[in-house]
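Listed after this line are the structures, all set down as structure tokens.
Shared chain: chain A. Partners: chain B in the first complex, chain C in the second.
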Partner chain A sequence: MNQWFGFLKKEWFESVKTYKLLLVIVIFSILGILNPFTAKITPTLLEQFMPEGTFVNLPEPTALDSWLQFYKNVPQMGLIVFILLFSTMMSKELEKGTLVILLTKGLHRSTVITAKFFMALCYWTLAITLSFTITYAYTAYYWDQSQLQHLLFAVSCLYVFGILLLAVTLWGNTLFATPYGGTLVTLLVVIALFIAAIFPKSANWNPLELLTATTQLLTGELTPSDLWIPYIIALFAAIFVVLLTMTHFKRKLL
Partner chain B sequence: MNNDTALLMEYLPFLLPLIILQLGLAIFSAIHVVRHPHYRFGNQIMWLLIVLLIQFIGPLIYFVFGRGDDNSRAN
Partner chain C sequence: MTIVVQINGVTKRFGDHEVLKDIHLHIPEHTVFGFVGANGSGKTTLMKCMLGLLPLNAGSITIAGESVTFGETKSNQYVGYLPDVPEFYPFYNATQYLELCAVITNMTKTERRGRIRELLELVGLADTTSFISTYSRGMKQRLGIAQALLNRPKLLICDEPTSALDPAGRAQILSILKQAKAETTVFFSTHIVSDAEQICDHVAMLHEGTIIFQDELTNLKQRITGEFVFTFTIPVAEVHDRLQNTPFEMKIDSDQLVVSLLDESTQLAFMQELTNQKILIQSMQPKTRLLEQLVLEVLG
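And now, the complex of A and B:
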């Protein structure tokens, strides 16, 4: 266990020194502010750019608009940013060969994978918490959020989907040992999920549903009980992929 | 004109932190690009343009893919 925390500490210092902490904090704060901002400014912008005399009846933005922006921006921009940021977590060390020294000194290979995954998980938690809190604060200040349902459950869906993608990235990165391997594998998995989502029946199990159903969750059309199968599947798939990565890494020649 | 200032004031709570964060990140990365002239690929002008012109994705790409190691074999 001591070894594990030691390696985790090394990972932490490395991520700070490679500016990951800075980038995560800045980018996810920007994303958090953008959501209520876009929701609030869109009607004003449209009014400004409409030709003189046109009458448009635009509804006042509500708290739902702000959260719709959140569930549009964070899964798209946020996840892309995050996967890019952590797409080199294994390949960098494999390329430079810095792990060989540690492994020959008796560091377990499973320690490397779990500590790296845990570190990325901590960053993902930080990122989601940050943008969620900022959006929540602005939205609470400008609008009444009382009619929104399952706000926390909806964001946890996004969180779980992020964990799954993170595990897949780590796996691809370990398998191919190139910076682009992880991103490519993640892209392929997302495309596969989208293809599966074409079939309406797949909505029962497809983890992608965790992202697309958030809007209906907020309006109350869906309840958390409708989503528990994709939820559990995403969690178990993430654990399975991490275990798979460990077995791959154990057999890998460095 | 008066209308515009009122509009600006209304959105200031959003604009101020956004501008500070975006500009701060762009300037910080630009300084980093100039002070560490070793990149994994590309040259200084290319990275400066990327960092300054592409909002928050530019600095990200630079720090993840473009930034060379300080003690790496210069290529």
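And now, the complex of A and C:
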């Protein structure tokens, strides 16, 4: 266990020194502020840019609009930036050979994978918590949020989908040992999920539902029980992919 | 003499290319064992096999009685390894890096501090507090040796530790390796034969995946030469003239007479001839050949 915490400490130190902590805090804070801000300012902006004399009857923005911005910005911008930030967590070490000395000192290969995944998971938790808290507080300042349903469950859906993508990125990055390997594999997996989503029946199991069904969750059209299968599948798939990564890394020639 | 490493019939192939062919090597304890060979001869491959970083196609390797297996091998607890280009985390300084290594090797906190200090002093980095990113190649090699010696390994494997260093850096590394012999066995590869000659007790040469020779350095030097170097009480040119009509093969080299005397009967005959001619010997010694010459002969 000492070994695991020792390596985790190194991962933490490295992430701070390479500005990952700073970038995650800055990016996800900006996104948190941006969500209610965009919802609030959009009608005013539209009115400004309409030709003179045009009358547009725009409804007053609500808390739902702010959260719709959250579920648009965080997965589309935040998650992509996050995956890019962590897309070289294995390949950098494999390319440079920094792990060789530690592995020959008795560092378990599974420790490398689990500690790296855990550190990325901590960062993802920080990112989502930060963005969610800021959006929640800022939205509460402007609007009443009592009408919104399943707010926490909806954000946990996004969180779980992010965990799945992180696991896939780590696997691709370990398998191909190149900076683009992880990103490419993640992209292919997302494309595959989108293709599967063309078939309506896939909604019963497709983890992509965790991203697309958040609006219905907030409005109460869907309940958590409608999404438990994709939710569980995403979680188990993430665990399976991490185990797969450990198996691959154990047989990897260094 | 205890044998630390036993390599028996190791063969390693990459696709159709056989890099190591039926290697047999035994490394005695508390020696500096030089592993000589040209670039690309398979030295690094054998070392990686010894560390369990590459799987074998045939044969077996045992280190300190523990069998080496591919992947996570228990035998690595007895090994310290310095790669040819050691890569460290640039955001650490030497002490921080060694602390990480100490945690990985499950060293106790009390043992850690003293050992790190001792090693940093040995490699001359005790007063360096800057980040590793600012280190020169020589400093990185010295830190590499420190980390390799951290857990008092029974075997220190160094892959070309001096190859890219200037003469001063090379001398420092060789001196550290020589000192390390007191507490461990050093197995180091090099293509700089003079380095091996300076500090090694044993030498093996790998050529095209095969061990060409392996022996104690002193034996190697003696067994391949049949030449003797003589000095006399009279000028060497005069001796050369007086012995011109004898059957002995000889030449003058730096005011010394070098005579080829391959067997004992020739040696006795030559001594007899000197006695007959009343030539007094001032000194006589077998001519040792530089290891480099031997290697060049092997390489053709």
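In the analysis below, the second predicted complex is superposed on the first by the 254 of 254 C-alpha atoms of A that agree within 3 Å, B and C clash if a C-alpha of one lies under 4 Å from a C-alpha of the other, contacts with A are read in each partner's own complex, and residues count from 1 in each chain.
Going forward, a residue touches a chain if its C-beta (ideal position, glycine included) is under 8 Å from a C-beta of that chain, and two chains touch if they have at least 3 such contacts.
Treat the numbers as computed from the prediction; the structure is a model and nothing was measured.
Colleague: Under the stated touch criterion, which partner chain does A:Leu84 make contact with: chain B (first), chain C (second), both, or neither?
Modeller: A:Leu84: touches chain B, not chain C.
Colleague: Name the contact category of A:Pro36: first (chain B only), second (chain C only), both, or neither.
Modeller: After superposition on chain A, A:Pro36 lies in contact with chain B alone.
Colleague: Applying the document's definition of touch, where does A:Gly97 land relative to chain B and chain C: first, second, both, or neither?
Modeller: So A:Gly97 only meets chain C here.
Colleague: With the two complexes superposed on chain A, say which partner A:Asp226 touches: chain B (first), chain C (second), both, or neither.
Modeller: After superposition on chain A, A:Asp226 lies in contact with neither partner.
Colleague: Could you list which residues of chain A make contact with chain B in one structure and with chain C in the other?
Modeller: Overlap of chain B and chain C footprints on chain A: residues 18.
Colleague: What part of chain A is in contact with chain B in the complex they form?
Modeller: Going by the criterion above, the answer is residues 18-20, 22-23, 26-27, 29-30, 33-34, 36-37, 40-41, 44, 81, 84-85, 87-88, 138, 179.
Colleague: Which residues of chain A touch chain C in their complex?
Modeller: So the residues of chain A touching chain C come out as 2-3, 5-7, 9-10, 13-14, 17-18, 96-98, 100-109, 250-251, 253-254.
Colleague: Can you list the chain C residues touching chain A in their complex?
Modeller: Residues in contact with chain A: 48, 51, 53-55, 71-72, 76-77, 79, 81, 83, 85-89, 91-92, 100-101, 103-106, 144, 147, 150-151.
Colleague: What part of chain B is in contact with chain A in the complex they form?
Modeller: 7, 11, 13-15, 17-18, 21-22, 24-25, 28, 56-57, 59-61, 63-65, 67
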